[in-house]
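My questions will all concern the structure given below.
The chains carry the letters A, B and C, assigned in the order they are written, with residues numbered from 1 in each.
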Amino acid sequence: MGEKPILSLQGITVAFDGERVLQNLNLNIRDGEFVTLLGPSGCGKTTTLRIVGGFVRPDEGDVFFDGKKITDLPPHKREVNTIFQKYALFPHLNVYENVAFGMRVHKKSEKEIRRTVHEMLEMVSLTGFERRSVHRLSGGQQQRVAIARALANDPKVLLLDEPLGALDLKLRKDMQVELKKIQQATGITFIFVTHDQEEALSMSDTVVVMDKGVIRQIGTPQDIYNEPKNAFVADFIGESNILDGVMHEDFLCEFAGRRFPCVDDGFAAHERVDVVIRPEDIDVVAPSADTLTGTVTNVTFKGVHYEIIVDVKGFKWMIQSTDYQEVGAEIGLRIRPDDIHIMKKSEYSGMFGDYSTFSDEMEEDMAAAEEAEKQE
Amino acid sequence: MKKAVSRVYMALVFLFLYAPILVLVVFSFNDTDTKSRTVWSGFSLRWYEMLFEDRMLLEALRNTLIIAVCAAVGATVLGTVAAVGIHSMKSWRRKLVMNITNLPMLNPEIVTGVSLMLLMVFVANLFGVTLGIVSIILAHITFCLPYVILSILPKLGQMDPHLYEAAQDLGCTPVRSFFKVVLPEILSGVVTGMVMAFTLSLDDFIISYFCSGTTQTLPVFIYSMTKKRVSPEINALSTLLFAVILVLLLIINIRQGKMGKKAAKEANV
Amino acid sequence: MKAKAVSAPYLVWMAIFIIVPMLLVAYFAFTDSGGAFTLDNIAQVGQYSNVFLRSIWLGALSTVVCLLLGYPVAAIVAHSSLKRQSVLIMLVMLPMWMNFLLRTYAWMTLLEDSGFINSFLAAVGLPTLHMINTQGAVVLGMVYDYIPFMILPVYSVMSKLDPSVIEAAQDLGADGRRVFLRVTLPLSMPGVISGVTMVFVPSVSTFIISKMLGGGGNLMIGDLIDMQFLGTAYNPNLGSAISLVLMVLILICMGIMNEFDDGESQGGGMLL
């Protein structure tokens, strides 16, 4: 990976019909990097991608490619290619002609076209499908044709707009692995847009978490998960218990009415903070004076573990544990210092509370409704 | 019982629809000197012979074809561009443009005809020219446009909006993207629109009647014939036109049938 | 896409060939032959209220007859096998491909006093009938010319009705009559409404059918307008005023029809 950014977005601001979509966005992407733009629908991730592709012109700010300003360059002159959400395969062309499209536009020789198409189809395991009409491909196969078509153009940067969203779960997992392999094999910079945090964590070198047109955190998947910068990131990536707390001094914080040793420092004395504790980091122990104590209100079997909701003085915690607990049982919660993560207060503080209204189905329902709204 | 009733009913309806045409056709072959359109006096092709010697009629036929071709091409090109433009419009602008576009279709034809006549006469007076084939073509393009636009818009709506972007992404200029990707997608709508425009123009009487000045199109010519209450020549003309249409429709249907079968075959492979 | 640049030529065309002509009609309607503003033309339209009433009456009558005759046809076609459907629809549309002047002319030859029907009646020894140049003949001509416009939209809606809806109604205990009144009819209303509009508008504004089959005695609005522009009573100002009133009348009628419709129906399956 080169240190000089291949792509640089500087001070990008975009508004559609007076509504701010992106606000002063700055982002540098290194050559060969697998970058994921992650966020809920409407966070501006797709718009960011479209700015790189050249389909949206920013109101303010500039785009640099290899150090050259390309803000006003039309899409067909950019050395980036896109894999569109529903693939946008050309229905009037067969697989071969779809993959050959870009090379034909660039007037490559028939010989070269034939060689490259074969190479690309081999890479995505679609050899033998050349003459097939794209209508008669499964979703996964269409996805592969889209990848082959984009890569046949030999782009420096490949943009992927939620390319796995239309596939079912099993196929999605396989494609994640495959995409990552292709990226490593070709060394092309990938910019990948998704709202699926698992996808983002498992594939990327760098994750960019966005919300409301602003970048909330940039980091490696480990950073993002272990060291979320604010309550939004903590809540969006995985499950978290987010509590109101006070940092009394370095390495000593207070939440849930108790003081805990922790590993964070650099806060002002008695600064109010948000405290994040991941459900899998909490140990269930026998209740004692030294532990937080609560009542189990709900237990759900999840396969690898149980999801246990515990009421501690009115605050509902989520714990993931391999041990079953009886509803109504009194249990103790043990939290080690390095499981406590302290965040500065942000605009998100207080928005993500406990798990008192938690239900999987409701969350899925809401996600589905959101998705439907997006389709409008 | 129920089936029998509906059969009889359908038979009666089709009798109603086809009896007049049948009578017309039969009497076009009537060998009569009194020009009677109702008394059968033997088979003859004399009215057909007369038809082909009629200068005025051939002239009208030629005009009609020229107008129909020009109107169909003009309305299709303009309508395709218009549909693409309208498709990319949003909310109130789109609504407004669509409402105005539909006006010539919703308005009584006579009002459209009269209003276009006022415009043509106004412009003709301005330049010191008279109404003729050009004014008819312009008027025909105008009333065919909504049909073309309405047959293309749904195709644009069904199209994946990213196709156009994908072509550009792969290196096509916007104009080239349109021809390479968008046009093939909406082609069936464009062709439907063109065929409709062509037949509407061929068949139109009212608009042509008001915008033609002294130029005759076939329907205008037919109208002048019916006014004079003339000969079975007109029966012969009707029969010929009907036969041509019938043959054309049969060809189209057979071709579609073949294509349908071919598609079905392919799908089975 | 650059919407503005692409739609510019059409917007210009629209302005010149749709908006300007309409404005010209309005201009002529409110001026006299010298070009001065006047309301006389509009006032004069009132003299022809009998013509307007006759047009509306005949137009409405033809529309009702078309509906009564056409609805069962649409229903029967929609319930036939798919292969039959396309043949039957083809047969319904075929006469439309013949110029309507010729179709109307065909009825002239049938209805005349010495026409085919009367010749036939005389031949079998029945008394002849006077049919041509009556209102009945005009309605007959309109029904003949426009009934496909009723059948096609109703058919296109009915053929798309989900048969399981009918089955659900039967399952819930509705008999044949109730199924029709409570389910089939309401669901086919969008087709009926567009059929009614498509028949009523040309019927009420026709000027050829009334002239050819109605003789001089059954003047309709269309004839009146024709006379003012290309006929003996040359007066484009009055003609424009009549056109304007006709247009407003039609728009009001369509507005009322649309009230019955919940907006999204598209009955226009009348291509090819």
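Note that a contact is a pair of C-beta atoms (placed from the backbone, for glycine too) under 8 Å apart; a residue touches a chain by one contact, two chains touch by 3 or more.
Just so it is clear, the structure is predicted and the values come from calculations on it, not from any experiment.
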item	value
Innermost chain, taking as reference the mean of every protein Cα atom displayed	B
Taking each chain's C-alpha mean as its centre, the one farthest from chain A	C
Distance from the mean Cα position of chain B to that of chain A, given in whole angstrom	55
Chain B and chain C, separation of their C-alpha mean positions in angstrom	18
Rounded Å distance, chain A centre to chain C centre (Cα mean)	59
Shared-contact residues (touching 2 or more other chains) in chain C	none
Touching two or more other chains - residues of chain B	174
Contacting residues of chain B [partner chain C, same complex]	6, 9-10, 13-14, 16-21, 23-24, 27, 36-39, 78-79, 81-82, 84-86, 88-89, 97, 100-101, 103-104, 106-112, 114-119, 122, 138-139, 141-142, 145, 150-151, 164, 174, 192, 195-196, 199, 203, 205-206, 209-210, 218-219, 222-223, 226, 234-235, 237-238, 241-242, 245-246, 249, 252-253
Interfacial residue positions of chain C with respect to chain B in the complex	1-3, 6-11, 13-14, 16-22, 24-25, 28, 69, 72-73, 76, 88, 90-92, 94-95, 97-110, 112, 114-116, 119, 144, 147, 201-202, 204-205, 207-208, 212, 222, 225-226, 229-230, 236, 239-240, 243, 246-247, 250, 254, 268, 271-272
Sites on chain B touched by chain A in the complex	160, 162-163, 165-174, 176-177, 180-181, 184-185, 267
Chain A to chain B touching residues, read off their complex	53-55, 74-76, 80-82, 84-86, 88, 90-92, 101-102, 105-106, 136, 149-150, 153
